[in-house]
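Shared chain: subunit A. Partners: subunit B in the first complex, subunit C in the second.
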Partner chain A sequence: MSLGSAQAVGARPINWARLMRALLPALSLGIVVVAIASLNQRAISYLGFTLMLNLAIPIALATLAQMFVITINELDLSIGPFVGFVGCVTATWLHDSPLLGITVLIAAIGVYVALGALIHLRNLPSIVVTLGMSFVWQGLAILILPTPGGKAPEWLLALMGFKPPFIPMPIVAAIVIALVVHFGLMRTSYGAVLRGAGGNGQAIGRAGWSLLRTKMVMFGLTGLFGVLSGLALIGTTTSGDANIGNGYTLLSIAGVILGGGEFVGGRVSPVGAVIGALTMAMAASPLLTFMHVPPDWQVAANGAILIIVLAARVLISRKEANA
Partner chain B sequence: MKTLLSKPWIWSFLGALVVFLATIAFTRGVGTGGILTAALSLAVFTVIVGTGQMFVITLGPGNVDLSLPANIGLASAVAMKVMDGNDAMIAVGLLAALGSGLAVGVANYLLIRLLRIPPIIATLSSSFIILSIDISYGRGLQIKPPPGYADFTNIQIVGIPILAFVTVAFSVGAAIVLSRLVYGRSVLAIGQNIRAAWLAGVPVERVRFLTYALCGALGGITGALLAGYFRGASVDIGNEYLLSSIAVVVIGGTSVAGGKANVPGIWGAALFLVLLLTMLNTFGVSPGLRLVLTGLIIVGVITAAGGQKALR
Partner chain C sequence: MPQSIGQIIKLDGVERHFGAVRALDGVDFKVDAGECVGLVGHNGAGKSTLMHILAGTGTPDRGSLAVGGAAQTGYSVGRARQLGIRCVFQELSLCPNLTVAENARVSHRSIEGWGWRKRAAALIGDKLDEIFPGHGIDPNDIVSDLPIGKRQMVEVARAFTVTTDPLKLVILDEPTSSLDAHASAQLLAYVEKARQAGISTILISHLLGEILSSASRIVVMRDGKVVASDVAGGFDRTRLVATMGGAEGHRADRTKTEARALGHAPVKVKARPEGQREGHELVAREGEIIGLAGLAGHGQTRLLLDVFRASTGKRPDAEVTDKVALVAGDRQTDGIFPLWSIAENITVRSLARLRRGLLIAPDMTRQFALDWQKRIGIRTPDIDNNILSLSGGNQQKALFARALGSDARIILMDDPMRGVDIGTKLEVYDLVRREAEAGRTFLWYTTETEELDNCDRVYVFRNGRIVAVLDRHEVSEEKVIQSSFAEGVA
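Up next, the complex of A and B:
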């Protein structure tokens, strides 16, 4: 139902409901932070945020990776195992023989570009192709690192362990990443073409742009951000594990949607996606731990948070449609 | 021959045959019967969930049920708890598992309808909640299935599991529903063009409701059957069906764009996947390489059989 029909073509007057909708991701993040603050005062500190947002950077990068494919109406169900694969390469080859590691990671991005071309040329469902690829990445990760271990390269540890003054590293990194992607995708002319390929591919094609190239670029960007996410993850956890990224597929989709992205139509928001990822990262465990939610029910609470935010968005969207 | 080759499901059966021949060539015919029996036993479960998933996917782009693994896990626990190792309670236990699955399906639909959440996210979020319920409900659950029930799920007639007969009958039923019944035709119509279907008077929301409920119920049944076959319930008993339920639908020739379903293809694809794993196991391939090959073969098969129009 929510798919297919282009509901919002053309300019609409800005109204309050629309503004609310744009602010919803930030609002949900705010609510989570306030909830944490009211439960544990000490968590709201430089150290507290550094610890709570420990894994936020890899999650944010994986979410952006997912956002790129969602922009062109595709879905990557292999991003989690891919992050795990990158993690294993990082903890082994990139540490022991950097040149080999770099080559493998670049080749992995090349695989993503090739997948984009394959999906476009053969008109394949991305869900199934990436589902198949998730086996491949998982298998490769197990082949490279059969048991958890390995070591993160020194420079990566130094980078991820960097402590900027006043503002914790994860927040600085999140702002930088969000701004870079925002300007690239939302403010450049080719970014508009890329989003247009999701909004109305036919029109973009008629206008003389290569749709094949947009798919390849977007899948390539997904690969690139998947690699960055894997690097950031290993820089934080210091060692690798073939299963380390498995939760990221779901987290990344949830982050994009929480951040105001739509599944079809090229309607995405990089800043929103990063905020959505931060919300998921904080709500996922710190908040629930402070609320003394038993471990059994923490997964359920994640699902509930997702449902509540989406319900709020529907209410606002309905108002937006009526206004 | 030409009409046969143009059927989308033929490729999945050919694939299954090739993989099977490669396996018995490797074993030089030793244990051929055993391989077939084991493949049929395992394929049955994939066929049942795959059929449910097929109805959902046929509704059109974006429709997919990601809550099946959690649903299967919960239903397996419900079935084992209700049966409580007692042969007299088998029917009640099966009904309870069916009810559990049905409830999941209805909840999924309500999320999709009332909150207007895309089905992917709705079933994803509900699967988190179901998973928690299962973890909490099934904690330390070590109830064995009733002996009569465990026997039933494992029993064979001339090497063919009795469940395979039942499931073939079920597939025939599903094919009839799809091609002859108003409900099945409505599912196809919605998948082809939801607006046209609505204008033509198809009760779109009722059909969608029934489809998600059906898929949930089939997941519930599968959970109960798996618990019997593997002699016990567990939280992750359904994990592999997230990928395989979607994979068999697509490999079997059902269009991911919706509106075009294929029941026989699900059998071919399920046998293909199961035999593929068997083949890689007999070849003595390491777990990592097995995953890589499975993935590459799935992508390869889809690329070869694909080329469908108007996908996501």
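Up next, the complex of A and C:
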């Protein structure tokens, strides 16, 4: 057993860079919360979190939607306009004639499944296809709801306005969503195949799995979570606007990367992505408002925060690669 | 068909064309139960194409394929698996982002439902224990964290795991190319054990010793045809090499290089492995070929990288006095630019010299690439083809051309001959010796002890340290193994 002992010498030191990478999302969220707490203690309360995070749930859902396509090395540049489109459908048809609304939303998910098949079969770059689709969704949204308005269905308002005891609704929802997706993608046996398709598609194909199916499933999940995101958004804002989701495309990509995901290679983390989305949501306006950054500068400041956090993330990955 | 009872797979008159190239030109081939068939041949002889057809990842243009005596139509990977035929591909086919256990699950559909992670971990863990005792791999390790040798162990072990589908034949394509001598021996012993249990194997290897000692029957391919098939006892090294063609005089070659007196040549590289403060220091003089030996992954590559970095910036552990080029070992990840042409891959290191004013001069780069194609013998109809159109050995030649064509005076080689056929190897050995005589310095990490015969001096590594220095007349397999294991032997 000479080799065994030789190998045991270098056996598994704790991979600090790996640990840091896993903790970075939580760490950055912690820093943002601490910063807010030091600026305004009253914000750290049931009501404070409910208000600060009321837009975090749609962002988290959109981030997960993005994460599904990133898992298989694709990118969805249409998720923002898609969320806006879903919002318009929700505030009009789903409110007025639920059956039509539900049909349209299911059909929209079907379109995503078909896009997955198209991208796989024709070997098209997803960036091009989804960039094109983003204009389609945007256009449809404007056709449905030319001016901001409409009304959220009652049941949706009730769901999003639900006040659980002790822990604010957005936090409960975030935990539930993160756990469901974590279990589905990271713990089920088919989840391993789906992630494997991003890591080494050829190997998955050679093992007898259909790559077409994995693409269709992942794009379908993106559509589903996009729909959920739109529903949650309208449930909080109570009315629709064709441009309401436009910022979500980049926010969702940033959230996935901040949460420890990689653009290629099937390395993603649902829990990290949700935490990443919460961080983005909190750093976006509450923190900056408390810091008395004038609204004119908030967008730029938001970008600066993004650069800092993602730079930290890149530094840690680089360390990990060298380890 | 009474003669087909013990027969696992049989090919008749199989042809496969890629454009004008006949990769397979009427091949008859069969494997019976309880056989270990050694398959040898040059790069481009058609071994890989044959293997892909057997595994169901490629389809023949003509000819028939029968499994267990039943002719197959619509043969595919899935069908091959159901019939008990598995393949370990040369380019690793694990998912690097998944754990070892998850990779095992990917190839076994029946592992699902509650507790699948445990079952998958047990399946692959037990098989690893069985084939490679003392492997040091945890089923929960993520594959990308494992060094290439361990990945290969996982892949081999995975091919031998059984759930619902039967297991009759495993095709091993260069299974030992990234394994060190110890793990290779473990694998070959297991192949023999499996053979006795009735599981056949096809062993494709460029290490003729491995084939001669392990195979029960040897099939030799040349130019897309099977040129010989005989019981292993009917072959010896000389006959095998002669049948493969092209690589005669291997032994004679080895003695040609005699010790050269280079004691007074200027020192080009001085280096110590990181963390080793005292003891042996690696010294390379102008015109020397220095071997780095020892078990795979014991710090040789790291030292090469340190030397490489020292050429561009100061480092405490290494001193380098000239320009350096590196020939990568893991050519798929570290070596080739997969989207570029052969010519672009060759010239990239030398573009600074191949320009007029600020712009690259296309005629100069083309001439440069053509020169090196000729000098190093890269077999391709067109130098502007994509690099991936080349076989593995020829890709490696392109990487050599990139390094040797550059202005570097020190060439670092990170086990570059992995999975390269013997003809190519001998050509490259000659080239290396010629270049060394012309004053270039080589640092050559290799896992194949035979290659150390080309070296003027050999440093043996263990656990990231240099534990022995052998002069050229002292180098022998026993010596190297002895030093690699010295303290490890209980």
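Here, the second predicted complex is superposed on the first by the 304 of 323 C-alpha atoms of A that agree within 3 Å, B and C clash if a C-alpha of one lies under 4 Å from a C-alpha of the other, contacts with A are read in each partner's own complex, and residues count from 1 in each chain.
Definition applied: a residue touches a chain if its C-beta (ideal position, glycine included) is under 8 Å from a C-beta of that chain, and two chains touch if they have at least 3 such contacts.
A quick note: this is a predicted structure, and the numbers were derived from the prediction, not measured.
After overlaying the two complexes on the shared chain, residue contacts for A:Gly266 are found with subunit C alone; subunit B is out of touch.
More residues of subunit A lie in touch with B than with the remaining chain of the pair subunit B and subunit C. In the superposed model, A:Gly198 makes contact with subunit C only, not with subunit B. When both complexes are overlaid on chain A, the residue A:Pro286 reaches neither subunit B nor subunit C. When the two complexes are overlaid on their common chain A, residue A:Ala207 makes contact with subunit C while staying clear of subunit B. Of the two partner chains placed around the shared chain by superposition, neither subunit B nor subunit C is touched by A:Gly276. Contacts of A:Leu140 after superposition on the shared chain: subunit B is touched, whereas subunit C is not.
In the superposed model, A:Pro153 lies in contact with neither subunit B nor subunit C. Of the two partner chains placed by the overlay, neither subunit B nor subunit C lies in contact with A:Gly240. Touch criterion not met for A:Gly255: it reaches neither subunit B nor subunit C. Within subunit A, the residues touched by subunit B in the first complex and by subunit C in the second are 1-5. The touching residues of subunit B, counted against subunit A in their complex, run 60-62, 64, 111-112, 115-118, 120-122, 124-129, 131-133, 135-136, 139, 194-195, 243, 246-247, 250, 256-257, 286-296, 298-299, 302-303, 306-312.
Put simply, subunit A touches subunit B in their complex at residues 1-5, 73-75, 118, 122-129, 131-143, 146, 250, 253-254, 257, 263-264, 296-304, 306-307, 310-311, 314, 317. Those residues of subunit C that touch subunit A in the complex are listed here as 55, 57, 77-78, 81, 87, 89, 93-98, 102-103, 105-107, 109, 111-113, 116-117, 133-136, 138, 145, 180, 182-183, 295, 298, 462-463, 485, 488-490. Across the interface of their complex, subunit C is touched by residues 1-12, 15, 187, 189-190, 192-193, 195-196, 198-200, 202-209, 265-267 of subunit A.
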